[in-house]
Each structure stands twice: as structure tokens, then as C-alpha cells.
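In the part that follows, the structures are each spelled out as C-alpha cells.
Below, chain A partners chain B and then partners chain C, in two separate complexes.
And then the complex of A and B:
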């Protein structure tokens, strides 16, 4: 937006509401246009694509099939298996991230020398390239040469010959482990921010009243941390539901790790099924949106607060 | 104006920390042991895998398949080989251009939108904010699929976007722009209104007040948003592999996934580790230098409401 336009908008000497509104329109529209082009339009186009069947032999030839692709998707066992895998991954990894993240947050909040070092260290997993970490876990959990099995063997623990990425359940466990490593620290930082705004006098009062540490944790920390926990859960849940890079690199979706995003991607690129693949992409979108609406109903006040604060 | 946002001045945090230290949580000896045990566990948990990657990157040949905690014959061969590999160096350049480009665009137009959202009164504000934020929930697959079709089959003014820089920069904005707007909105809300009002009284236009007063004051916020936007764009994977086809337009995240060994099932462990370390070290350095800024950005708004 040029300054000239803005000047026009602000010409009336006293800032009238009209000029303020016009300036707002100028300022917001570039972002809205970009979002319309790169997000809204593609989604609409994906819906359009999902209602057609495309010829593999004659490129460009297509036929309207209505909801046919969706019917095929929801009646296929692959779709439900991908949905189940996605939700199992999401629920377990987000739960573990919350528990571990909360533990880390409490540690970082405690007063001790060198706390700043801990806070810096925690940022490292977050900064490592996701694809790179996936590659790394793949080698660490390699059945023959991987470090995980070597440690188990050296310590004479059972499971030293597990083919981690080669069987159902174990492959999922590795995927969850890799995700928890990468994102529990992120969760911890969000929760730490929540801990920092709880006033100390509340704890003092509770102490005076003779509350034990555990009582203080369950009756003060957890309830007052609720908003931060909810926000952290939203961020992580929506990310986990869209997981793609970890299964893509770790297993290519074999052994029970084909998530929704990966399944849609395989249909689209490897099998060149544009119609059914788009239907799967749209279904993934609908599922993520449904979950985020559920969450927003829980914490809608947060966004509204941001909007109303002016 | 929110006074309890996370992005508070460092001074206040320090006083609070001091106050807390004085009050003392009073953990007994057992508590102390538990605390330090937790600290050590956390440090090992966070750092060991990355250490392992460095360790692997310094091993070559047969030693790669050993579990040695230190390379017995450390060598920088893997590093020299990746820098001789033009696919890798090109990918670095591509990532810098694509992540940098989307960050600059997002900061520019995002700061306009964020200012309006933080300061001006207008209709549909909640709706607009909701639309912008909801795009962050879009699964990349739902955008990658149609864009692949559009980028490959349609040309825009005779220009095909498939396998080009703009063909990646534009879709990256779907997640970089909302993130920027979200962070900047909460930063702009922290800036006292009086300064702008004074500028307005002195005859500045709203836009001048924004450019000359608000933007300089929001510089830390811009740094935060820019860093996070850059890191997220640098990490992007699905769009990167879907919308590019050749090594000369593949960002690093995609390039690493396409590293292949001489045999089909052989993973070139050493070089992958070296490549990952190479592209991660600058990020870790940035993150540690700008630690406070990044934490403020990641947690912006997280404790409101």
C-alpha cells in the first residue's frame, strides 16, 4: 500500500472513524489477498478436483463424478486405517509432550544456578531441521547397526535385536518418540510462559496455610496454567494431525505409519490419482478444521481477547 | 492494553526471578537431588541426539556402523564431500532465497495488517483475524495437491510456477504470513499508544505515525517474527518436495531426503549427518543468540485470556 493512499485516507484533520476504517482496509487487504490466492483458492480448487475423475491415459480429460471419490474414500479400509493411525499418533504424542513438557517447564521455572543454560538447551531440538532429525532417528533405530540396539545389547537388555522400523507398533513408537523429542521442548516453553504469570503470593499464601508441594501443584499450578495448557494443546494437536515428514522419511508409510497426509500424498503423486487424492486431501482438511473448531469453542475467548484489546 | 503478556521487558522478569529466589521454593535436600536429576535428564534428552549426529558426521567408512561414542578416527571428509556436491550447495542457496523471500514479504504486508488489527477500529475485525489464523490450520497436503496441478498445467502470464522460486515463496506464505501477523499484532499492542498520539497531534498521518514511530519501536517484534518465519520456512518439507522437480530448485529439507547412496538401500549416513549438522548449526546459533526474542514470539498470546 502506498503512503499516498494512506494520506488520502487520513486527510480529514480529526481522525474520523471513516478514515480509520479506510486505512484499516488498505492495511489489511494485501494480506487478505495473499491468503485468498495461496490458501483459499487452492482449497476451493482441491474441492473441485475431488469431484472429478481424471483420465490417466489422456491428460486433461476429466469427468464429473460428484461425491464418488468421497464415497470410495470412506468405504475403503485404507482411509479408516490412515485416520486411525493419525489419531493414535496424535493422542499419544501430544499427551507425552504435555507430560514431559510440563516437567521441563517446572524445572526451568525452579530457581537454581544455570537455569539460563537449561532454557537455551531446550531450544536445540526445536531448531534442528525436522527432516534431518527424521534421518537421524532412522539410523539410530536401524535394526543391525543402529545405536539403540547396540546400547540394548551392551546392557544385556531384552529387545536388542528389534527391527524397530520394520514392524507394526514399533514403527509407530519410533515415530512418536521422534516427535516427542522435537516438540516437547516447544510445549515446555509455552507452559513456562504460563507459569511465569502466576503470582508468587498465591503460593506463599498456600504455604502459610500449610499446603504441601503436591497440593500447591494440583490446586494452584494446574488450574491457573489451564489457558496455557489449552493453547499448547491446540498448537501441538493441529500439527500432529497433519504429520507428514516423519513417516515419509522414517518408513515411507510402511508398517502402520501411513498417516492421512501421507496417504493423500501417495495417491496424488505415486498413483497419479488426482480426483481420489484430492478427496483425501479435502477430508484431511475437514478433519483438522473440525478438531480446531472443537478447540476454539473451548478457548475462543483467547482470539477474541486479541481482537478486542484495542 | 494487556499488561500481563509474555513479551514483557527483561527487567521485570529479572525482578520477579529475584523475588522468587528470595522467597525460595525451599526444596529440601531430596528436592535438590530430584531437581538436578531432572536437569541432567533434560539436557541429555535434548542434546544427545544432536551430539550423535555430530559424532556420526565425523566418522567414515566402517566406523559409521559402530556405536563409538567418539569417532576414533575423526575426519572432515563428509563435510568436504557435501560442499563439493553442487546439489547441496545449490539447495542451500535455494533455501536462503525461498525462506528469505517469504519472510521479507510476510514481514512487510504482515506488519500492515498487524498494525490495523492492533490499533484501528473497524468492522469484521474478529472475522478477519479468525480467517488469518485459521489458515495456519490448513494441512499443507490440501494446498500442495491443487497447487501442483495449477503450477504444472496453468501458466500465469506465460510463466509456469512449477519448480521456480516464486512457486515456493507464494505457498510458504500460507503459514509464514499468519504466524507473522499473529506475533506482530501482540507486539504492536504492547507499544504505548501515547507516542503515536503525540505524532498525530504534531500533524503526522496515521501511516507516517506507523512508519516513523511504531515500526522502530516494534523492531524487536519484527526480529522475532522474522526469525520464526525464516525457521518455519527453512523447515518446510511437503510443499518443497511436491512443487519442485529438479535439484537446482530443491530447498535443503527436500535435498536431504533425496540424498541417496550408491546402492538402493544404502543410506549415505555420514554425508546426511554432515549436511544436517551444517544446516542446523547456524539455526541453533541464531536461536541461542536471540533466545529471549524467540521465546517471546513462540509464546506470544499463549498466556492471554
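And then the complex of A and C:
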């Protein structure tokens, strides 16, 4: 093919490419506008609000404080306590969900009668609204009339008079318990999808080579499941970092359960401290972004490594 | 490269949007440092006389139908004013945010604002309420004086009391033979006769329960000029140690620290506690449950005067209302004898005017009416301040930590003191 021929052939293609690109831009623009209105604008507005103080004493007065609200937040013990509580909750609950979810996924993956029923039943807790879940566990862990204490008392086990939601540590334990109960099935579902793409012949080959069940699990299942695990971890971690409904219903944040989102809500909605409250919301957003960024780097690296191996 | 461009674009877009709302949302234009009482919009009784036109009444959900009945009664009078009821959500927090959003937007949709008594100061400070002092003064003798205290700031009235509420001490007559007259006596009885319950969870209810003992012991939250905290006092320490001791002795069960109104009512009905501090709504429910009980207005602390914290709602007239005269005309009706009787009987919303309590029909429907009148008369408002939510948080957070984590009363109160002072300095 000569150069002249190439330019002749290329010219109409380039023209159509440009017009196609323009068309694409036109087609995408309504969505972009919608995203700008519903996502970008509120985020930017929250940042703007967080740089101001709005008076509660003087009608309609506000003043620019720059990063003052952020300085107040990061120098307050409440913020750090809420951050600590949020991370403790996230690490423990996501870890338990992963372990339990993986167990459930392996069980659901095994071929047996009634597998379809099990898969449906397991998802029920996840389908219940979190607020509903929280109300349920609040009733179950009621110190006087709750199911938990009644059972402990009936079985003559210690702890039948524990005020579950009225003590540090216990309140957090109930919160983690309720979260794990609700979201382990979701984790299981994501991992099950990962399990199903692992080809059977790999296992068969391992069996022929004499690998034990445990060896097959650690050398085949876990490495091949890694991308699915990381995706599931991202979903759950980001959700857990934003936890609001469970502490709101269970304890209103008492006894060491005031998470970042709940603290921001109290400042914004109850105290109407719009500037400081927005600053807290932005800080929560930054923390969640930072964690998801770390994860994405981790997953990205992993997928690439995986692609290189094969 | 593309990524960088995109993020630069995002930053630019953000800046543009932020700048855009700077002109509208920021709004720090006027330099008037005006406190409560600046808008100069006063509602006089005359304005209601020849009022015409439409009025919208915004208040929490009409769960019993009494609000719409009273609106209908009013509209049937054909006074020339037509009232429409706009129901807000059931939750007080939601009502608050719905009302504040409308007022911030300078909306004229709500002429009459149904406010929890603790919001009145905030709304007045924001300039959202019209001064109704002349309208109140024209009818002052009708109201129970204590209820007016919740609507008064800087010597002026910013709302008209609509309904009120006060705590009672309920006691199980099969366990407790005679009503205690002091809190000390009540706790003593509780220790031997089966426990006392109150609203001890970490929320607004705990502030109320603490203040009832504190006020009765002669303590205060704010100085008289409202400019600084005075909660770190020997009186408050005495009350907090007393409450702490009650939990230690077993006079108050440990699970009390998780109780709000309903949990404590259940505990009383199930026999978990023999004495209970709660609101009048418990009366009908405990009767239905077959509990043998009686009730008295709250006892006193030691040698002090008994004090109950007042609940209830006030009606304010929005600054942005286009028909303040019509609004006042309806408010006068809704806080008048016929309507107040209806609310009290049909919705158990205690009346703010004295005469309703002596009405035979009211006494028949709400047999505790005479006791309630006494309780409301000895009632005290919570600190009237635009930053009340923060003040209350400082109280319930620190009282809770003294009661449940064993923080010493001295350090809990000094922490509350500094947090309240900080709140009072809120810009």
C-alpha cells in the first residue's frame, strides 16, 4: 500500500471518527449533566459549606473561616474517638464477614440436593432493611425482655443479666454481630460468583497429583479467588466505614458507638452546626476515598499480576 | 495525560460551582449583628379582628385526627379566614428540619409554625418568628403561667403555647403503699420495694430527668443573663452523686441506662420497677395493661421546691407569612377553651389554659387532670437558648458518663460546664 493511497483512505475515516466522537459527546452529555447536578454539585457545595460558619445567634449571618472547621475537627477528641470506633468496627466486622462469607460460599458451591433453596434462604438477612435489622437486634438484646438474656437465663449460663447495649464493648459487639449477620450473605454471594469461574479440571489435576483437600483450598481456591475477595472487601469496607443506621437505632451512639457518620449527623442535623458538620462529612468522604484508593491500587496490581501469570 | 486533564476539569468545575453558590448561599451581606427581637414585625390582637384570606398551619402528623377537626370547626365559623393543615412527619427531628428548610428559604408556605418548645429560642434568634407579645398580653390570664415561660425571650413572647406536658411519678400500689414526697424517699422505697425507673439512655430524656432533680435542688444550667454556664455547682454535684448512688444501691436497675420513654413504661408494666418517672401518656396504657397504680406530681429534692420539666408545642407566626392577622385569629381559636378541650380529650395533648382542667368532661376523660395541672404549674422550661441542642448534649453526655462509666460528678460537671460555655460562644 503506497503512502498516497493510505492518506486517501485515511481522510474519510478521520472525518467520520470526528463526527462519531462528537455524536458520542452529545449522547453522553445528558448523563454528565445529571451526574454534575446530583453528585458533583452536592459534593462541591458541602466543601464550600465546610469553609464557613453559619450563625445560630445572628439571623442570616455567615463568615469565611477557611480551614478553621477542619482544624477544630482534627484537634477535637470526639473526632478521633469516632474515627477509632469506625475503624475498629470496620476491621472486625469485615474480617468476620469475609471468613463466614467464604465458608458459606464454599458450602453453597458444593453440589448437593437443596442447594438452590439454601442459596435463596441465605440471602434473606441481606434483603432486610438495615434499620429493620437494627430494631430487631435492639429488641433481642434488650436487657430485661430480650431473647438473648432469656435464653441465657433459661440455660443457666452466665451473663443472663448483661445490659448489652448499655456498656462499652458489649454495645460494639452487638453492633458488629448485627452487621455480620446481615452482610455475610452478601459477601458469600460475591465469593460464590468467584468460585464458579474456577475450572474443575484444575482441581482434578491436583487430585490426580495427590493434593489433600486443604492443599487444594490453599493453593488453588484462595489464589484464584483473590480478585473476587478483593472486590468483595472493597464493597464491604466502604459500606462499613459509612455505618450510620446501626448505631443510630441501637444506641444513638452511646457506649462507644459514635461512628464518623453519626457524629457528622449530630453536628449537622441536631446542632445545626452547618460548617463544622460539613467539614466532618468531607473528612469522612476523604477517609473513605483514601481507603478505596488503596484498595483499587491493590486490586489493580493483583489483576495485572494475575494476567501476567497466565 | 487524559486523567490529569479530567481531574483539572473537575477542580475547575468544583470551583465554578462553589463560586456560584457563594453569591447566593454565602449571603454574608448585612452587617447588622441583630439578636432576638430585630425584625420589628409585631402581631397585635387587632390584626386578627378583620382578618381575611388563607392561612396554612404546619405541625407534626395529625395522628388522632384532632388537628383537622379543630381546623374544620374554625373554618365552619366562616370568619373570613380559611385554614389549611399541612402535616409534617411524626418524628420531631424531621419536623424541625422541614420547618428550618422552609424558613431558610424564606418560604411563605407555613403561616403558623408548630414548634417543640425547645426550638422556640432558635427560631426567634434566626428571625423567623413575629413578636406576639401584644397578642399574648391581651389573654395572659387564661394561660398557665409556667407554659408562657417556654415562649419568652428577652422579655418578649415569640410564640403562643399550644400544648404542654409534665412528668409524673407513677407508683405500683401493690408494692408501694404511699406516695413519696421527696426523691430521697422515692429512692429509699425503690431500694426495698422494687426499683425506680426513668429515662436514662443517652438522649434528650436524660437531660430532662437530670434537670428535674437539679432545679428542685436549686441548681441552674445558665446564669441569669444566659451568657455563661453555671452547671458546675455544689447543687448539681449533690444531684449527680445521688443519681449515681441510686444505681450503685440497686434502687435504679442497671438496664435503666438503655431506657427511653417506652422501655421504662414496659419495665413498669412488667413489674421490673415499682416506681416510674414518665409523661401522662403512660396513664391510659398502664390502665389497659391492668397495672394497679397511682400517680403524683414529681416529688421535691430534699427541702427544695418540686420541679417538672415542661414539654409540649408552641405556635409561632412566621416572619414570611403573608397573613399574620389570619394566623393569629386561628391561633387564638386553637388555644381557646373549645379547641383546647378537644385536643386534651381526643389526643391527650394537655391544655395550656387553666380552665380546661376544671372542665367535667376533661376530668372524666383524663382523670389525672387535677394532678397534671399541679405538675404543669410547678413546671420549668429547659434552658431557653438558640444553641439548646448543644447545651442538652453537653448535659446528657456527661451525666450519662457519670452514671454508666463511673466518671466522678465533679469532673463530669466541669466538662459539661466548659462544653456549654463553648456552645454559648457559638457564632
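Methods note: the second predicted complex is superposed on the first by the 281 of 310 C-alpha atoms of A that agree within 3 Å, B and C clash if a C-alpha of one lies under 4 Å from a C-alpha of the other, contacts with A are read in each partner's own complex, and residues count from 1 in each chain.
Keep in mind that, in the parts below, contacts are C-beta pairs under 8 Å (C-beta built on N, C-alpha and C of every residue); 3 or more make two chains touch, one makes a residue touch a chain.
Small disclaimer: the values here were computed from a predicted structure and weren't measured.
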{"item": "Contacts of A:155 with chain B and chain C, given as first, second, both or neither", "value": "neither"}
{"item": "Touching partner for A:45 - first (chain B), second (chain C), both, neither", "value": "both"}
{"item": "Which superposed partner A:208 touches (first chain B, second chain C, both, neither)", "value": "neither"}
{"item": "First (chain B), second (chain C), both or neither touched by A:61", "value": "second"}
{"item": "Chain B versus chain C as contact partner of A:168, first or second or both or neither", "value": "second"}
{"item": "Chain A residues touched by each partner, larger count belonging to chain B or chain C", "value": "B"}
{"item": "Set of chain A residues, in rising order, touched by both chain B and chain C", "value": "40, 43, 45, 49, 60, 144-145, 269"}
{"item": "List of chain C residues in touch with chain A within their complex", "value": "10, 13-14, 17-18, 21-22, 25-28, 30, 32-35, 38-39, 93, 97, 100, 122, 125-128, 201-203, 253-255, 257-258, 263, 266-267, 270, 272, 386-387, 389-390, 393, 400, 404-405, 426-427"}
{"item": "Interface residues, chain A side, partner chain B - complex", "value": "1, 3, 6-7, 9-10, 15, 17, 19-21, 23-28, 30-32, 34-35, 37-40, 42-43, 45-46, 49, 60, 103-104, 107, 110-112, 114, 118-133, 135-140, 144-145, 147, 150-151, 154, 181, 185-186, 189-190, 192-194, 196-197, 200, 203-204, 227-228, 231-232, 238, 241-242, 244-245, 248-249, 260-261, 264-265, 268-269, 274, 277-278, 281-282, 284-285, 288-289, 292, 299, 301-310"}
{"item": "Chain B residues touching chain A - in the complex, by the definition given at the top", "value": "1-2, 4, 6, 13, 16-17, 19-21, 23-25, 27, 35-36, 38-39, 42-43, 45-47, 49-50, 52-53, 56, 64-65, 67, 105, 109-110, 112-113, 115-123, 125-126, 128-150, 153, 170-171, 173-174, 177-178, 181, 185-186, 189, 200, 205-208, 211, 231, 234-235, 237-238, 242, 252-254, 256-257, 267, 269, 272-273, 275-276, 279-280, 283-284, 286-288, 291, 294-295, 298-299, 301-305"}
{"item": "Footprint of chain C on chain A - complex, ascending", "value": "36, 40-41, 43-45, 47-49, 52-53, 55-64, 142-145, 161, 163, 165-168, 251-255, 266, 269-273"}
